[in-house]
Amino acid sequence: MLEACGLGHLSELYAHLPASALLDRALDIPKGLSEYEITDYFQAQAAKNADGYASFLGAGVYSHYRPVLCDVVVSRGEFLTSYTPYQAEIAQGTLTTIFEFQTMVCQLTGMEVANASMYDGSTAVPEAAMMALRITGRSSFLAAANLHPEYRQVLDTAARNAQLHVESFGYDAKTGRIDLADLEAKLNSGIACVILQSPNFFGVVEDVQAASELAHKHGALLVMVFSEAVSLGLLEPPRDADIVVGEFQSFAISPSYGGPFAGIIATKEKYVRQIPGRLVGETKDADGNRAFCLTLSTREQHIRREKATSNICTNQALIALMATVFMSVYGKQGLRELAQQNLAKAHYLAAGLDTRFNGPFFNEFVVTPKSCTPEAANAALLEKKIVGGLPLGRFFPELKDSMLLCATEMSKRADMDVVKEVLL
Amino acid sequence: MLEACGLGHLSELYAHLPASALLDRALDIPKGLSEYEITDYFQAQAAKNADGYASFLGAGVYSHYRPVLCDVVVSRGEFLTSYTPYQAEIAQGTLTTIFEFQTMVCQLTGMEVANASMYDGSTAVPEAAMMALRITGRSSFLAAANLHPEYRQVLDTAARNAQLHVESFGYDAKTGRIDLADLEAKLNSGIACVILQSPNFFGVVEDVQAASELAHKHGALLVMVFSEAVSLGLLEPPRDADIVVGEFQSFAISPSYGGPFAGIIATKEKYVRQIPGRLVGETKDADGNRAFCLTLSTREQHIRREKATSNICTNQALIALMATVFMSVYGKQGLRELAQQNLAKAHYLAAGLDTRFNGPFFNEFVVTPKSCTPEAANAALLEKKIVGGLPLGRFFPELKDSMLLCATEMSKRADMDVVKEVLL
Amino acid sequence: MPKTLGKIRPHFTQNEQLLFELSRPGKTGYQLPELDVPDIDAAEALGASNVREAIEDFPEVSEVEVIRHFTRLSTWNYGIDLGLFPLGSCTMKYNPRINEAVARIAGLAWAHPYQPESLSQGAMEIMAVLEHHLGDIFGMDEVTLQPSAGAHGEYTGIMLVRAYLESQGNPRKKVLCPDSAHGTNPATANIAGYQVETLKSNSQGMIDPAVLAAAVNEDVAAMMITNPNTVGVFEENIVQIAGILHAKGAQVYMDGANLNALVGVARPGDFGVDVLHSNLHKTFSTPHGGGGPGAGAVGVKSHLAPFLPGPRLKKADGQWTWNYDLPQSIGRVRAYYGNFGVLVRALAYIMAHGGPGLKTATIDALLNANYIRARLKDHFQIAYDAPSMHECVFEDTKQEKQGARTGDIAKRLIDYGFHPYTVSFPMIVHGALMIEPTETEPKAELDAFCDAMIAIANEVEADPEMVKHAPHLTRTSRVDEVSAARKPVVRWKP
Amino acid sequence: MPKTLGKIRPHFTQNEQLLFELSRPGKTGYQLPELDVPDIDAAEALGASNVREAIEDFPEVSEVEVIRHFTRLSTWNYGIDLGLFPLGSCTMKYNPRINEAVARIAGLAWAHPYQPESLSQGAMEIMAVLEHHLGDIFGMDEVTLQPSAGAHGEYTGIMLVRAYLESQGNPRKKVLCPDSAHGTNPATANIAGYQVETLKSNSQGMIDPAVLAAAVNEDVAAMMITNPNTVGVFEENIVQIAGILHAKGAQVYMDGANLNALVGVARPGDFGVDVLHSNLHKTFSTPHGGGGPGAGAVGVKSHLAPFLPGPRLKKADGQWTWNYDLPQSIGRVRAYYGNFGVLVRALAYIMAHGGPGLKTATIDALLNANYIRARLKDHFQIAYDAPSMHECVFEDTKQEKQGARTGDIAKRLIDYGFHPYTVSFPMIVHGALMIEPTETEPKAELDAFCDAMIAIANEVEADPEMVKHAPHLTRTSRVDEVSAARKPVVRWKP
């Protein structure tokens, strides 16, 4: 082969690089390992993590059972090792599944159009904000204080860099829901959108309609955020929102220490040209057969360059596929039953505990341990091979005596009884 | 659908069965469980087994590393969920892999033809014996005393049922190899075949050529058996044997508490019509393209019925496929290196120990603990999360003070050092 | 050729050479850990004459070539995951993937058969629970899980019969099989040392009690009966048949390959069967994998139990143990305890369905078969009027008039994107088309299949030559099996 | 049409409806455990108005329909596992399956980002080791693994530049991009609040130092440079270019999408780069999965390190901990710590290769690209004479004369069983054919590809119309993208 290239030695392949650019030593990385050793290494690391614990952590990342079919499908080389489906004629598999994903996102959120996925729930929030900015021409944002704090931080990073203004509006100390009066007070004609999460970070279901009415009265859009996709199986979808963004991690995606997950963004048909990222559309092939292809790419960076709606390119396709399989397996009836089980488990867990808020909650809630700090409660639970809840002091100083607990269909009654005992 | 069948109620589908045949109660099996519960159940059972122990058990079942590709390939639905490839036009995938398997079996064993697989090594032994009976017209068998005892028991079951005679010939108490003199003494013109294992049950490599010369001198066939396929990577193949049978478990197949494994049978071209089970052959399709199909099925039960060479129907196709992937991954160079590592590890383990035999051994050997019984040694090792060797008393009363130890490429030096310490 | 035919459209598949042809000297796809002990000279350790040269022509390929090789080959295959697999007698039902997942749990997959019993309790418990459930499903007193497949179960069963009869003083000489029997039945009887006597079925494809009565005598050890039989019909006279055999001291062996028609509805043990095997890779959903592995559980009535192969599970002081003290046992039929990995899958299947779910599955299997029968009966000649159970069998008499046989129709069915039904079996049917849809098929797939069959029936009228040269849409056209057998080439050579 | 074309032969694929069309009321494919706590009335718990009706038109299918649906759809796709995937700029190399296996180890896959640090040491160690190795490969002082993909890394990097410059007193206004830049570069600069100024490349497809020198001033915050650039050429003057930028206080941002050409051979940190991202889903073999997930590690020189997004890993008393005390940090760019599952795969890749193996892989990537270039250069017009690194770029000038453009040739390539190269990018090349084979391709596959390209070049001469209507052998013929965009239908409706 070297000969065919007209070369005498392999090093000639890079001999034209400036000498100062060439690395004059070997990389400081040990020589290659066998599969056996690699497996050993990662198993040893895994053993240092909390393996085999029951867990009541939620806070944006949920432990739901993953039907085995999800992994079977994404493990097929035809999906796993394919690229973004730019060449529609040999990517109809991926394209069709994305079209189904987009459709199911719409069905779940009550929106009219959805894209092929965003990186995750958190990065979808500034994307929604920027979309609102483009639509309204306004450049300030109101974000609920009970939005996932890390989502908020991501929004803040983007806003700070772009010199845009994000203001918080408060939550009601009794219900845990947003303070509508505070929202109303802060709304003005400079606000591009109101950003609201439901169930919010405290697990409490918001009155999205009331918030959207206020927002719309002031010409702002309502951006609705969710981090627990399973709630969509039971909760009234946010039909009054203008943009819905959220996280599909709950749909078959393992917590994986925080990623990769799959964000979604959905909106009204009229805003479709403002949506960021990839969209799959229906069309026909030369023989008149139904076919799918990437579409409206004039919104995207590879065509529009600096005028694109976003710089996103690679998204979370395979993870979105996993979620698509999950939604297919559970289906209409199963997703509801799943959500119902989450509701029942969380309410069983909460019963009798000192819950901090009285707003309706789905599968998470804030609780104040009766006789110790959240940290002490967690330490006691760890002894029993249970990872407790998230102490809230790190994000909400006013809630430093409280913690966020989550129960899902995987939470076992016996473990919940242990938690209750420790927190009472 | 019921209507289309002209029926009014589902129970009419079996209403014609005699009343006394119908089950008048529900099955005594609890109602269906979810995937989550099923996983939980089997995980709980697995936790009661020896999980996470280092092990020095061999004795026909070996712990070798399984390259991940093996499982990836057999998990593809096109292989996993297909049937025996009777319909060649849509089973070329399976047929081609079997043809490759047959070829690699021949390359490894030095034989000329091999079939698509047998149930396992043990059941392949009586199949070989019956083949020898058909070829020679003789009906007695000589089996080495150091043949895998369970293989021997399977042979005995078949022989007893068919009123055929199997006699043992002994092994040399020093070398652990067969006693050629005893073999010679027992050979006569009634013997259909001599059955010999190498490496034998004690891990010792036999002099197959000498045995085959003796057998052939008396008009008997030589059936060579192996249970550790990895040895084929390094050992001279038994080219002088007439029939080779063995176990491919070592090739990517997990121990799985004893099965499913994959047996092989290989022989000389001239005996091809006497071989049991399925054979894939090369041919052409109507367009002249190379194609494969099941062939010589006139040997088989579905055509020949009571005159078939064997009653085997379903074999171990998927397991054979796994072994085929294993052989492809390791290849010519890797299989040898793998065998070489096994040899080195076993010799490291044996060094200094009180080994019972002085014949050359591959990756297993018999050892006599210096200061305790094998059972006591194993008990001491279990404390250190090590499963020791197989105490031999259960099969060989004369070796009740000894045990069979095995080391493979997966045996770690640190664990071996612990074993040595306990046995010294 | 129109682009879409029924449920398929042409696409392309990758060609691929054999591994040996892909091979290039020095290529590798593996990596071993560095040896953590001193290396050793093989010739010295083993003797130079015991060490082989390089394995001639063994493959030398890279890792990506391995995955591509097998991925490409897989696309030349068809499986249940792609569509209906209506092979009669084979019960090609959906293979739940949860079964695959649990069989791979490390503590099960890596359990060594000789690890201490105290550290094998989980594996033993699984086998014990499965034996128990199967006993209930079969209506039998005891079950062995040792046999590796259906035929192996048959062999075990007939050896049990011999051992039992021998213990009664006379092993007897003959085994009866109906002419509709699967080939493994006579083959088994023969290798188990019995003469086979074939009984002619009656006009309904069933065993004729009169014919049987005439054939049974003190030489008959057993009759091997498939029920529902291979024409998919329940042996209506089974109780009477068993009576005739028992009256003469003969045993009733049931080939349980078709048990999918009975689970939860009727039990062999309740209609006179003494011993049966069940193919767990059929009724209990473990995957066929292109021809195996399987497992052939054998259930027996108590009089045969002492003869079961050993070891047997026994519970003592709350612990499972393997009992080798079985003086009357026929002995082992294989090493270790059985195809444990297959048994795990079968138990997972039973647990997922539960008792009620198993019965529902049976009924759905019957319904699907009868639905196909109803939709096709005007286009193909049904073999027997008797009601169908889980499969329906037609004959090709109508199509034969045009010169197209069951094998041709089967090949044409491939063009329509289906695996063929079972062709030309049972042999008592004239050009049999034996169709078993199983319960896991959705109605839409059944309809697509029936539409294809009807379309082919019409094609046979309009253009029989086309059908006789099918398939036309596969990468491999009709394969010449005759030449393959004439000059067998069963391995690659350089 | 002959049966075999190059390396393919026609076969059939199954058609399949959308899930919504397969749906039948009441069908299910799931089973939940029985609730072990009292059930609860949702309307009561949540308020009736908060509880939805059934999800309209949501799928209702059985388990076997799910597996068939996705299996069938998968057969309409192409992946590396099936063959060469020569998409330039995408580095479609073999995705080792060991990476998939280790990412699924329960203690990693099920680690919750908020579980106590004391019970996350393994995950943190993995990230720390990866940061360390990448730092060595990049030649950079610190690395963040937080960004989710390449574009996200770019965004992070440009925010770092802004934060740094701001700390120096002036964030500046402009970012320079060569006209050959990938679309994400200008898009990123824009969303990060900078004006984009595009610089014309020289006749070799490289940055012209003179053009650059004229453009750089105190308004320029950074230049985004891809190296090797998008025409597969190493920016020979990179050291000088960096000097020009640095002299004016501007930062050098490197788009590391093409790092596969450099690993172990040359380090961005050694040729003047201040900040770069690397697409782990390209260079470090994590699978593309039809468009993601990826990971966009960002490496920086020490002057930019204080601004990195938080939290950052820190070792204290032998324990890893997350440090949130980062007063100058730009803040988070996403929740939690990054696409951990992707990072695990990338580290497994690095460990499998080791230092020497990574360098060998780079050299093989260069060799493969240059081999293709050599074989095709008489048939297609090479875009630039400059030596190619890991990819080679042609233009379609020869073929255009016959009316066939790069897009047509690409579609015809599909008929030959290959995924097309990257079409029409970079835009500075007239009808670009951008070919990146990667190091994992065997020579036989490269030859088959070159043969196909040459055959197509001949077809363009002989029958350009045929080429212009390709593909002809796929189940889906040429897709009408124009109509799709005109009246977008982006969701199914009943």
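Note that the chains take the letters A, B, C and D in the order they are written out, and that residue 1 is the start of every chain.
Assume a residue touches a chain if its C-beta (ideal position, glycine included) is under 8 Å from a C-beta of that chain, and two chains touch if they have at least 3 such contacts.
Since the structure is predicted, the reported quantities are computational estimates derived from the model, not experimental observations.
Enquirer: Across the interfaces B-D and A-D, which one involves more C-beta pairs in contact?
Expert: The comparison resolves to A-D.
Enquirer: Please indicate which chain is farthest from chain B, where distance is taken between mean Cα coordinates of the chains.
Expert: The most remote chain is A.
Enquirer: Mind checking the centre-to-centre distance between chain A and chain C? Centres are C-alpha means, answer in whole Å.
Expert: 46
Enquirer: Using the average of all C-alpha atoms in each chain as its centre, how far is it in Å between chain A and chain D?
Expert: 20
Enquirer: What are the residue numbers in chain C that touch two or more other chains?
Expert: 3-4, 9, 27, 30-33, 63, 67, 71, 75-76, 80-82, 97-98, 100-101, 352, 443, 474-475 - these are the residues of chain C that touch more than one other chain.
Enquirer: I need the residues of chain B touching at least two other chains; which ones are they?
Expert: 32-37, 67-69, 72, 75-77, 287, 289, 409
Enquirer: Which bits of chain B are touching chain A when the two form their complex?
Expert: These residues of chain B touch chain A: 34-36, 65, 67-68, 72, 75-76, 409-410.
Enquirer: Can you tell me which positions in chain D touch chain C when the two form their complex?
Expert: Listed in rising order, the residues of chain D that touch chain C are 3-5, 7-15, 22, 24, 27, 31, 62-65, 67-68, 71-72, 75-76, 80-83, 94, 96-97, 352, 415, 417, 440-444, 473-475.
Enquirer: Would you tell me which residues of chain A are touching chain C in their complex?
Expert: 32-37, 68-69, 72, 77, 287, 289
Enquirer: Mind listing the chain C positions that touch chain A in their complex?
Expert: Counting only chain C, the residues touching chain A are 3-4, 9, 30-33, 67, 71, 97-98, 100-101.
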